[in-house]
Amino acid sequence: MGTAELIWNGVAAFLVLCIYSFLYKDNPFYKFAEHLVVGVSAGYFAMILYYNAFLPKLIHPLLAGQWWYIIPGILGLLMWARFSRKYQWLSRPTLGFVIGSGAGVAIPLYLQNYVIRQVHATMLPVGFTSWPLITNLLIIIMVFCSLTYFYFSKQHKGAFGAAATFGIWTLMIGFGAGFGMTVMGRVALLAERVVFLRDYFAELLSALF
Amino acid sequence: MSFYERMMNLDRRWVYLVIGVVVVVTAIWSFAVPMYVTPEARSVYDFVDGLVPGEVLMIGVDYAPEVMAELHPMTYAITRQCFAKDAKLLLCCLHQNGPGMVEQVIAQVAEEYDKVNGIDYVYLGYKPYPAITILAMGQNFRIPFPEDYYGTPLDSLPMMRNMTNFDNVKAIINISGGSGTEYWINYANGRYNAKLAIGVTGVMTADYYPFLQSGQIFGLIGGMKGAAEYEYLAEKAGYISREKDQLWASKSMPIQTTTHIVIILFIVIGNVGYFMSKRKK
Amino acid sequence: MIIFPCSKAPRYRPFLRVVFLLICILLIDPSWSLAQEDLTESWFNPNRVNMLVFLVFFFGVIIYFIRRAKKGKSLFIRRIAGLDAIEEAVGRATEMGRPVLFVPGIEDVNQIQTVAAMIILGNVAKMVAGYDIPLFVPICRPFVVPVAEERVKEGYASAGRPDAYNRDNVRYISDEQFAYAAGVQGIMLRDKPMANLLFGSFFAESLMLAETGFLTGAIQVAGTANIHQLPFFVVACDYTIIGEELFATSAYLSKEPKLLGSLKGSDLAKAVIMGILALGAILVSFGVIEFKNWFFIQ
Amino acid sequence: MRREIPIAICFLFGISFILEYFIPHEGVLSIFETIRQWAIIVIAFAYVLGIANLLRINYHVVQRKQRDWPYKIILMASLFFMITVGIVFDILGVGLGGIGEGTIFGWVYYHAQYPLQSTMFALLAFFIASAAFRAFRIRTFQASLLAVTALFVMIGRVPVGESLWAGFPDFTEWIMNVPQLAGKRAIMIGAALGAISTALKVLTGLERTYLGGE
């Protein structure tokens, strides 16, 4: 590691420690790091949008004579009508475009991936003769009861209520499992950071002495 | 406040401190962890191990530097194993922040094994819209990737001469930190019947067991632990070695183990405190 | 509509029509068209007939129930617990004179969850308006800013307090997930809101926000349809609105009875799905797989 | 008119995208792909609104010398710095401008933004521990289910689990494949139906609150 890199990595290590100081309590170092990350990332995104969206998706096609790109250009400019109190309403068509196309794309995809595919996958052979069949039956019962929990047209009382309660139990087991599975990934992130600090300080010590 | 109540309401900063100390201490003084290999990770390993020299394996790398800690070890281990078996490798990247990272991996490992670009491996590079790209590759690799990452036309690469689409690769392994996996399953496997295995982050692992169960994927490497299992197998066979610092996920396993134990202990302490203080009342 | 068989009990009529329609389609399209031919020149994808049927059915029932509600027929919808939780949290904040924080998730306004969050936001603004406590709305995507501003302004106006609206409280923070989380944590730590309402599409930052919120002693109500983040909200928040309840809450809060019709519609769809599931499982158990195959989407 | 035209646009684009799902025609797909790209362009324009909002609010704080105002200067300065080295330098042709490796922008990304972000992300390791410690109490039956499952899965995920009980991996897998899967499916189905019905109300203009008041 050269001196320049040692200094740059020192900056990074200092910022890492600033963030971790938050774990003790809010303090000026954390505040500094917090405001820095917000400012830098806002600038970073401006870059990303300028270089990956504005230039290649609007300016370059327009320069290449694809005149229809003027439409998104106008829609985009209309958003700036928000700066004026009087002409604010001009930004609404753009909102309509973004929200409408978002909803339109989402509807068939949600139905396909989260409803029909799931229904298809849940139609499992059931029975009482072997363990896999019993497990399948259990899956279907659990899906049923959990769906009952999301049923709004009926009070959760009696047998219906019992099913919904069993449904919520299923959900809780699922949440517990989800939590347990995630711990490892989060610890991996911490380990990566600690290894970074460890290696940096080892380098620093060997450079100094 | 009684002892048990104090135990129950321990300040969170003690939890943080203990976790921090344990992680740092384990990072400095490591120890060996016994390893159990899950069948879903072993089946990926066994498959790659069964490749005959000259056969082509495809790896789809779809992740950004943020999840490198968990996924990079898998990419490295599989690439090394594949080259050690003298199999050929076809790579592509469907995540916008990934292409440079993949290039690094392949360049480094190819050098280790004296493999030549265009003959022993081809790196196709990056294209946006994974769904469309995968569908197109199912027809012909040349539709989305007329040239490889370095700008050479595919037709002038010796390895690509007899390769049209997924029918010409033995299997695809997708290593992914996001939704790209869905597309590989739905399109590469679902539509074109390509043999598919995946390596995903720990958070995502749970989502893909159903596909393993239904046979849509033949193997699954799940998160840091899956990567460590793979490294364990690869090390035993001599494809990677601890001396050359080629095991990363395994190095993190002691930290995982101690941290998990600490968290579990804290949960137990909290509950003991809760029960005992309730009993006193 | 005449060709559909009608039952004497009108309650079941829509259900029977759907079943009838499904059977018709199954009869008309016996190949289940698992065709693999090149479709790049055709105008309809026959592999997706099943999707079309569901879409038409689902749209049909929703519009049917909304029209029924418009006609003034009363529809029973059970009380949604999430609503009480929101009201209670806002109530506590007003009692204590401390701010309310509303976090609308980190996705753009073209995500339906964000739209649902915006609907809820308008009503929270209405609740808060009368009490002279600030309502902070930190935002992650610039496109959400105008929508949130409008919703808050309108909420204050409809409570008769347009003067209480402070434009500076709807704050764009950053597009970057963790920079945004850092900014929201900053608000939590230093402005000490009493009620943290987290609604919308959340990712890994969910637990950072919920834990910091807990630290500051706020009452927290969270709601998301992102399954992977629900465990963390359930663990760290006082009340969690799960999945569909988020949309139900927004429908309920919009206070227009006709919009509740959509809840009825999706309930009916759920009932049909349960029926299909049961039927499918039984048929598959007896070795009949054609019915199941019909639900396969390419 | 101020409301009808936006709603009409919303409806038009929404319905077209639904239809697109059913049309495999290559020409049509490429047109829709182009329109999808438009959304990205429009968002780039909206970003200026975001930056303006950020600057306005922070400028107010500095101007009125409100709490923590010196930090707001840091925030604004770092924002301007990034934009200057990223865009202005590039346009003016100053060396080290633009984005990518070997630019000032790249250095700041690798040595400030990336470590800051990944450290924020890594804070989760601590939060997940404190949340588990606090919340996983055997208070009610539901809470116990949550806590016990989490505990089992956590033990099952580390190699130690297997040495405690050989069945741990299988047990964890069963939990993932049966109750976890079933619960997840039910939430997915319900949430998707709720989302679709909300989307439909938005498309048809029944739900138009997003447009704001007159």
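Letters are used for the chains, namely A, B, C and D, taken in the order the chains are written, and counting of residues starts over at 1 for each.
Just so we're on the same page, a residue touches a chain if its C-beta (ideal position, glycine included) is under 8 Å from a C-beta of that chain, and two chains touch if they have at least 3 such contacts.
Note that the structure is predicted; figures quoted are calculated from it, not measured.
Q: Suppose chain centres are the mean of their C-alpha atoms. Which chain sits farthest from chain C?
A: Chain B.
Q: Point out which chain occupies the most central position, where each centre is the mean of Cα atoms.
A: Chain A is the most central one.
Q: Quick check: more C-beta contact pairs at A-D or at A-B?
A: Contact tally favours A-D.
Q: Based only on mean CA positions, could you tell me how far chain A sits from chain D in angstrom?
A: 3
Q: Based only on mean CA positions, could you tell me how far chain A sits from chain B in angstrom?
A: Roughly 20 Å separates the two chain centres.
Q: Can you work out the whole-Å distance between the CA centroids of chain A and chain C?
A: 17
Q: I'd like to verify one number: the distance from the centre of chain B to the centre of chain C, where each centre is the average of its C-alpha atoms, in whole angstrom.
A: Their C-alpha centroids are separated by 34 Å.
Q: What positions in chain A touch 2 or more of the other chains?
A: Only 20, 22-23, 31, 33-34, 37-38, 40-42, 44-45, 79, 82, 95, 98-99, 101-103, 105-108, 111, 113, 115, 119, 121-122, 140, 143, 147, 150, 171-172, 175-179, 181-184, 187, 189-190, 192 qualify.
Q: If you look at chain B, which of its residues touch at least two other chains?
A: Touching at least two other chains: 12, 16, 19-20, 23, 202-203, 206, 210, 225, 256, 259-260, 263.
Q: For chain D, jot down the residues that touch at least 2 other chains.
A: 18, 21-22, 39, 43, 46-51, 54, 68, 114, 116-118, 120-121, 123-126, 128, 130, 132, 134, 136, 146-147, 150-151, 154, 157-158, 176-177, 180-181, 184, 187-191, 193, 195-196, 199-200, 202, 210-211, in rising order.
Q: Touching residues of chain C toward chain D in the complex: what are they?
A: 39-45, 48, 51-52, 55, 58-59, 62-63, 66, 108-110, 112-113, 115-116, 118-119, 122, 139, 141-143, 145-147, 149-151, 153-154, 157, 168, 170-173, 175-179, 181-182, 190, 204, 207-208, 210-211, 214, 225, 227, 230-232, 234-236, 242-244, 246-248, 250-251, 254, 258-259, 262-263, 265-266, 269-270, 273
Q: If you look only at chain A, which of its residues touch chain B in the complex?
A: Within the complex, chain A contacts chain B at residues 20, 23-24, 113, 121, 177-178, 181-185, 187-192, 194-195, 198.
Q: So in the complex, the part of chain A that touches chain D is made up of which residues?
A: Spelled out, the residues of chain A in touch with chain D are 8-9, 11-13, 15-16, 19-20, 22-23, 31-51, 53-54, 57-58, 68-69, 71-73, 75-77, 79-80, 82-83, 89, 92-111, 113-115, 118-119, 121-122, 135, 138-140, 142-143, 146-147, 149-150, 167-184, 186-187, 189-190, 192-193, 196.
Q: In the complex of these two chains, what residues of chain D are touching chain C?
A: Those residues of chain D that touch chain C are 18, 21-26, 28, 39, 43, 46-51, 53-54, 56-57, 60, 67-68, 116-117, 120-121, 123-124, 127-128, 130-132, 134-136, 146, 150, 184, 187-191, 193-202, 204, 206-207, 209-213.
Q: Quick one: in the complex, what on chain D touches chain A?
A: That would be residues 2-3, 5-18, 20-22, 34-52, 54, 68, 71-72, 74-83, 86-87, 98-99, 105, 107-126, 128, 132, 141-143, 145-154, 156-158, 174-193, 195-196, 199-200, 202-203, 210-211 of chain D.
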